[in-house]
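Next up, some structures in structure tokens.
In the two assemblies presented below, chain A is common to both, partnered first by chain B and then by chain C.
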Partner chain A sequence: MSNENQTPAKKLTLKENYALMTRDLGWETSYQPMDEVFRYLKFEGIKIHDWEKWEDPFRLTMDAYWKYQGEKERKLYAIMDAFQQNNGQFNVTDVRYIQALKVFIQGFSLIEYTSHRGFNIMSRELAGVGPRIAAEMQALDELRHTQTQIHTLSQYNRYFAGMEEFPYMFDRTWYLSIPKSFFEDAVTGGPFEFIVAISFALEYLLTNLVFMPWMSGAAYNGDMATVTFGFSAQSDEARHMTLGLEIVKFLLEQDPANVPLVQKWIDKWFWRGYRVLALVSAMMDYMLPKRVMPWCEAFEIYFEQNGGALFADLARYGIRMPKHYEVAIKEKGRISHELWSIFYQYRDAAGFHPWLPSEEEMDWFSEKYPDTFDKLYRPRYEYWRQLEKEGRPFINSNLPQLCQICQWPMLFSEPDDPTQTCYRETEYKEEKFHFCSDGCKDIFCDEPEKYVNAWLPVHQIYQGNCLLEGVDPTAPGFNPLAEALKYMGIKPGIDGGSLSASADAHNWEAWTGRPHNSHEGMVTEPAAKAA
Partner chain B sequence: MSFQLTIEPLGRCIEVDEGQTILDACLREGIWLPHACCHGMCATCKVQVTDGEVDHGEASSFALMEFEREEGKTLACCARLESDMVIEADIDEDPDAQYIPLRDFTGMVTRVETLTPTIKGIFVRLDTPIRFQAGQYVNLGIGDLGISRAFSLANPPSSAEEIELNVRIVPGGEGTAWIHEKLSPGERVQIIGPYGNFFVRQSAKLPLIFMAGGSGLSSPRSMILDLLENRFDRPITLVYGQRMHSELYYHDEFVALAERYENFRYVPALSHEAADSDWSGYRGFVHEAANQCFGGDFRGHQAYLCGPPLMIDSSITVLMQGRLFEKDIYFEKFISAADGQQARSPLFRKL
Partner chain C sequence: MNATSSQPVFIALQTNNDTLSLIEAILFDNPQATLEEYPAMVRIVAPGRLVVRRESVEERIGRSFDLREIQLNTISIAGEVDETEDEFTLCWKL
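And now, the complex of A and B:
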């Protein structure tokens, strides 16, 4: 027994163990120069002198990662099973909350998938072993999030409209081009722009603004499945956020020439991310029957205070607050209302059912938005309620002009005048381009070639590119808007339109015996329940 | 009731109060553990318990899975001790830390010197010598008031029997008033120490910059005296600032040291010296003097800062603008109750 004479090897510290399982897996290539292996590292102008200076923000090895994620999945799916067995979809507050879930499955689940693709690229293209492994794990996380979101919401899909064609809709529906084009802009940047955009600007700076209303909103509104999904994702999110901080620190410390590039990307991606999150502002304020907090408060906590503290520290590197942040602050009392008004006007073209806020909700808005709501938005809602009562509800049947960058309709107001819509334009190669804000215009002017061919849904409709195969635009009675909706995967009267008239509302009342909107009461006769 | 917590791989042992979390206890002792959400959700602060009983507190069952609990993992931000405990955490060993255990000392005041109109030098002969690392501090018991105050040791570790504390009178402060007014030679005092992680990381073998201002000279002085005594062979620069010449205590000592040691450079700076005085040194603040002295480029150095918060803050800014980053900047951080109130970003671990 020769083993008896051997002294046991000294136990490795976590750090040594991590180094052997990660850093040691990289090598300097000899058949090909490293520049050929990592071809995209130089073209953005970022200078990296020493990848070894990368400080791993967390030390998770692949073997531990699989074990940990596997266990999380088992737990999540056990709870999802219980949720389905208990018909948990009927335990949520009311059918308005279901509309919020539609926005998520339509608008967010597939940007997680695009993010998965982006981090796969990172895990191939970054030369440092530490960041490459972190990117690989995040790529897997994002894929897992897409999948678990779809599975979490699949139970709702069995009972409610608007969810079954979400991948089809994501590529075609007008308002979904907003998140889609956002993430495709990021993925088509260079590796350093992508990672600053997503890991820092989105995951670190803005993610709490998504996660908080979504998860707290789910908890407040009785959605056990989504809350459980949230818990299972949150430990991944913490890793993504620390990666975002580390990448920015690393770039800033590696070379002074990186500072202006990082600043430019922070400017751009703060604004891009903030514009996408406008959707969340409307969800938070309008779509949660039991509300968590108003958007303006969440913005103050998660951006103004926490973000402010971060930028106070980043100032030491010569980084300042993102350009146009002050516009975002000016807009915090307005965007959710401006946005909801747009969805209401275009409710027939939406993949969910917008509604007018109740008296109780308007009083809450008056209290939470004392400077803006009563003056600017209440009169409009009251007028629209009156029209609904008179049986001639307001509908906007013109298509809106879209911003060339964020692809939102021109719905945002002038930073200093909430009664005027903000329009910006510029000319490039003898063509005019239109923008919703100075922030979006700046992004265009910096890289016009990237955006001149943006797929803007309204332009595409008018150019006749949004028609299903076999549709003949010259046929008598051709209705371009109805055909465009079909192309986008929206079934008129089923997926969109008024909430109180929807199949969702009628089914909900029949199946649960509870009003579809707890503020407005039943729309169906109690007899319908027995039927 | 409190428990002993040993943190591997450091081998450091700290006291943890009942109900106090591992994370809180470690951070207060200057042991930085990775952490983020601080309420059991994100799992950034996961540590391995190798001995002892732990209460996992409100750790989320997703952030700390059942199988991990069985393997002895816990989340430091929620975990509380139910016995003495040993943990292994994901932290770097500090090759320069000596982890000298805390001890109680008694001693007698031998001299009280007036260094400036507001700062006194208190010399105490200890009954048993104290072992400490240059830069560390002690707590001095304040007579019958039942309170104590923290002061950095101004003497080098080689003078372990007679220690020196430099005490600035804080307007309205009862502790420093007692020291200035009541403490005289022959008085018996009680001291606990040494505390703190502010010591020179000599193993990096880098040239050193010390930046000191106000009553913050004690630690840098102890460190510099210790380095020179032990023939540290890299360049050492002390940038030392006061408002005016009459406050520039130990000026002559440093001038003499700079003459004697080739690798020691002394840069005094006065911010409010009368314009017509015969001061020929730098006029301005410490960070400005340092910036001029190094031509705005601090790369390849280590910096040690000691002084009022504003000086520390301006110095960090100037160092980072000169491309010296967190990893190479050290200072003693005194956490006051107000610090916990404002939103803090997790960008830096120690700055």
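And now, the complex of A and C:
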């Protein structure tokens, strides 16, 4: 009991408080050897000599975590309430923007959930108390991100197509196997590979591209709900990124033998993450009717400058820029256009409505992409626009070849020749495997057994594995593509297909009195396919 | 404090009522920093080192301030973090 005459105990410093509230929560096990408790720590060849050397950059204790996270949630839900009460879904620029939200809920929200699972594993498997607590907090953050994204976008789902079956689609739809396989690849690695992959290569190097320019663009397009969950999530990312940097430094300082392993993972996961984020390049350049900055500029700021500073810092450990980063730099003027062209061609098989860029947009592209747009992409779009005018719009009804690693169709061009599609292949156990790039091919060749059985949607369709129960492929008039779309959860003409003919476009104009595409005016064609 | 490199560090913050004085304090304490404004957010970039000082923030908001509160409105950071009661520092160590 304290003596009333005594001066009160000195308040603990942040560091002392942190040490008591975290480090003291760990202990050496005595009933079982530590190696049996933490069974995966040696599996990858990483050598840790002293977990106590771990320095926690954010001195965030659990009590403070709950307090601040609770405050973030209260702010977010106050805004979501206001958004819903005020029909905020109709205050965004136009219905093109809403297509980006479909890509978000279909492609991103469930990888947040996979990340939640991954960090739960980390909080179990890492032997150090500091990183375990950081991983535990991150596991909770990732779950919060999934929940708040679903909750926010549920308001849009009441009015627009393409969102209602997102968990079903995530496991089946062709282009969603790209983010899904990425995260499943990470979560099935060992604990150190996972944390380098996600905390460092994805969070530190690449997520700024999603959450800064894209979310700022959401604000610019009037979507106060999305920008709020985006920024609320990103306020957690600052902590996650710092964990990523800390884990890499810790591994590098623990043993020189860790350096080549860490470098290999940085090489692999930079490339894997960069390929997944290609989706964001199209969301930024094409799906924000009002734009903040083009992908190429965001890439310069957040990868070239920011990543450059980071790797200059890591050079002291013998770490260099990720392999093939120079290819990513060469692609920055092309990737969004190459991708959008693919989505346009396969618009009937997409869970959103791609469209051709307007004159105004093409002029903006000419200005922002002076070296590539007019030469390589404008003529293609003008030709496709002409075909649309003639009433015979171009549709690609052949299934594309997919990359065995990133699972994108072969849509990327040769690093040094943007007029040629890049194809790579290798043979393994008398079978041929195909890749979109040297980056993806290198990843396969390093661990072929992990990827030989990848679930590639096109292969699965051809093998007859994408049919709903009861569908008979020998029945007269059997249409394999239509059946595959049903299996993937895409309702033709409702979830995908041309924007101007969509129910979304017609409903938008009826409900708001504003054009579905602010650059093109109201839909003038009779609404033959409208709901 | 170790010597720092001059590679850029940054902090990106939401723009709202809470961050008005925070941004002002950061710019006051880091004369070399530049402010970039985007819709709904700012990015403050500085060569090598950027510090958020509790006292400077408190002077401007007129109440006590726990530096961990900046996490509520932080969108992103670049640089290594060092955090005490009085200062939140981002830097690249040489």
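Simple rule for what comes next: the second predicted complex is superposed on the first by the 517 of 531 C-alpha atoms of A that agree within 3 Å, B and C clash if a C-alpha of one lies under 4 Å from a C-alpha of the other, contacts with A are read in each partner's own complex, and residues count from 1 in each chain.
Everything that follows uses one rule, which is that a residue touches a chain if its C-beta (ideal position, glycine included) is under 8 Å from a C-beta of that chain, and two chains touch if they have at least 3 such contacts.
Just so it is clear, the structure is predicted and the values come from calculations on it, not from any experiment.
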{"item": "Room on chain A for both chain B and chain C (clash or fit)", "value": "clash"}
{"item": "Which superposed partner A:V227 touches (first chain B, second chain C, both, neither)", "value": "second"}
{"item": "Partner chain in contact with A:R59 - chain B first, chain C second, else both or neither", "value": "both"}
{"item": "Chain B versus chain C as contact partner of A:G318, first or second or both or neither", "value": "first"}
{"item": "First (chain B), second (chain C), both or neither touched by A:E237", "value": "both"}
{"item": "First, second, both or neither for A:L310, with chain B first and chain C second", "value": "both"}
{"item": "Contacts of A:E253 with chain B and chain C, given as first, second, both or neither", "value": "first"}
{"item": "Which superposed partner A:L376 touches (first chain B, second chain C, both, neither)", "value": "neither"}
{"item": "Which of chain B and chain C A:A219 touches, first, second, both or neither", "value": "second"}
{"item": "First, second, both or neither for A:L14, with chain B first and chain C second", "value": "both"}
{"item": "Selected from 45-53, 189-197, 207-215 or 279-287: the stretch of chain B that, after superposition, runs into chain C", "value": "45-53"}
{"item": "Interface residues of chain A shared between complexes with chain B and chain C", "value": "13-15, 57-59, 68, 71-72, 75, 231, 234-235, 237-239, 241-242, 245, 305-306, 308-310, 312-313, 316"}
{"item": "Complex contacts: residues of chain C adjacent to chain A", "value": "5, 7-10, 12, 14, 38-41, 43, 68-69, 71-85, 92-94"}
{"item": "For the chain B and chain A complex, residues of the former touching the latter", "value": "8-9, 34, 36-37, 41-44, 48, 60-63, 65-68, 88-93, 316-317, 320-321, 323, 325, 342-348, 351"}
{"item": "Chain B-touching residues of chain A, taken from the complex the two chains share", "value": "13-15, 18, 57-59, 67-68, 71-72, 75-76, 231-232, 234-235, 237-239, 241-242, 245, 249, 253, 256, 305-306, 308-310, 312-318"}
{"item": "Footprint of chain C on chain A - complex, ascending", "value": "13-15, 57-60, 64, 68, 71-72, 75, 208, 211-213, 215-217, 219-220, 227, 231, 234-235, 237-239, 241-242, 245, 292, 305-306, 308-310, 312-313, 316"}
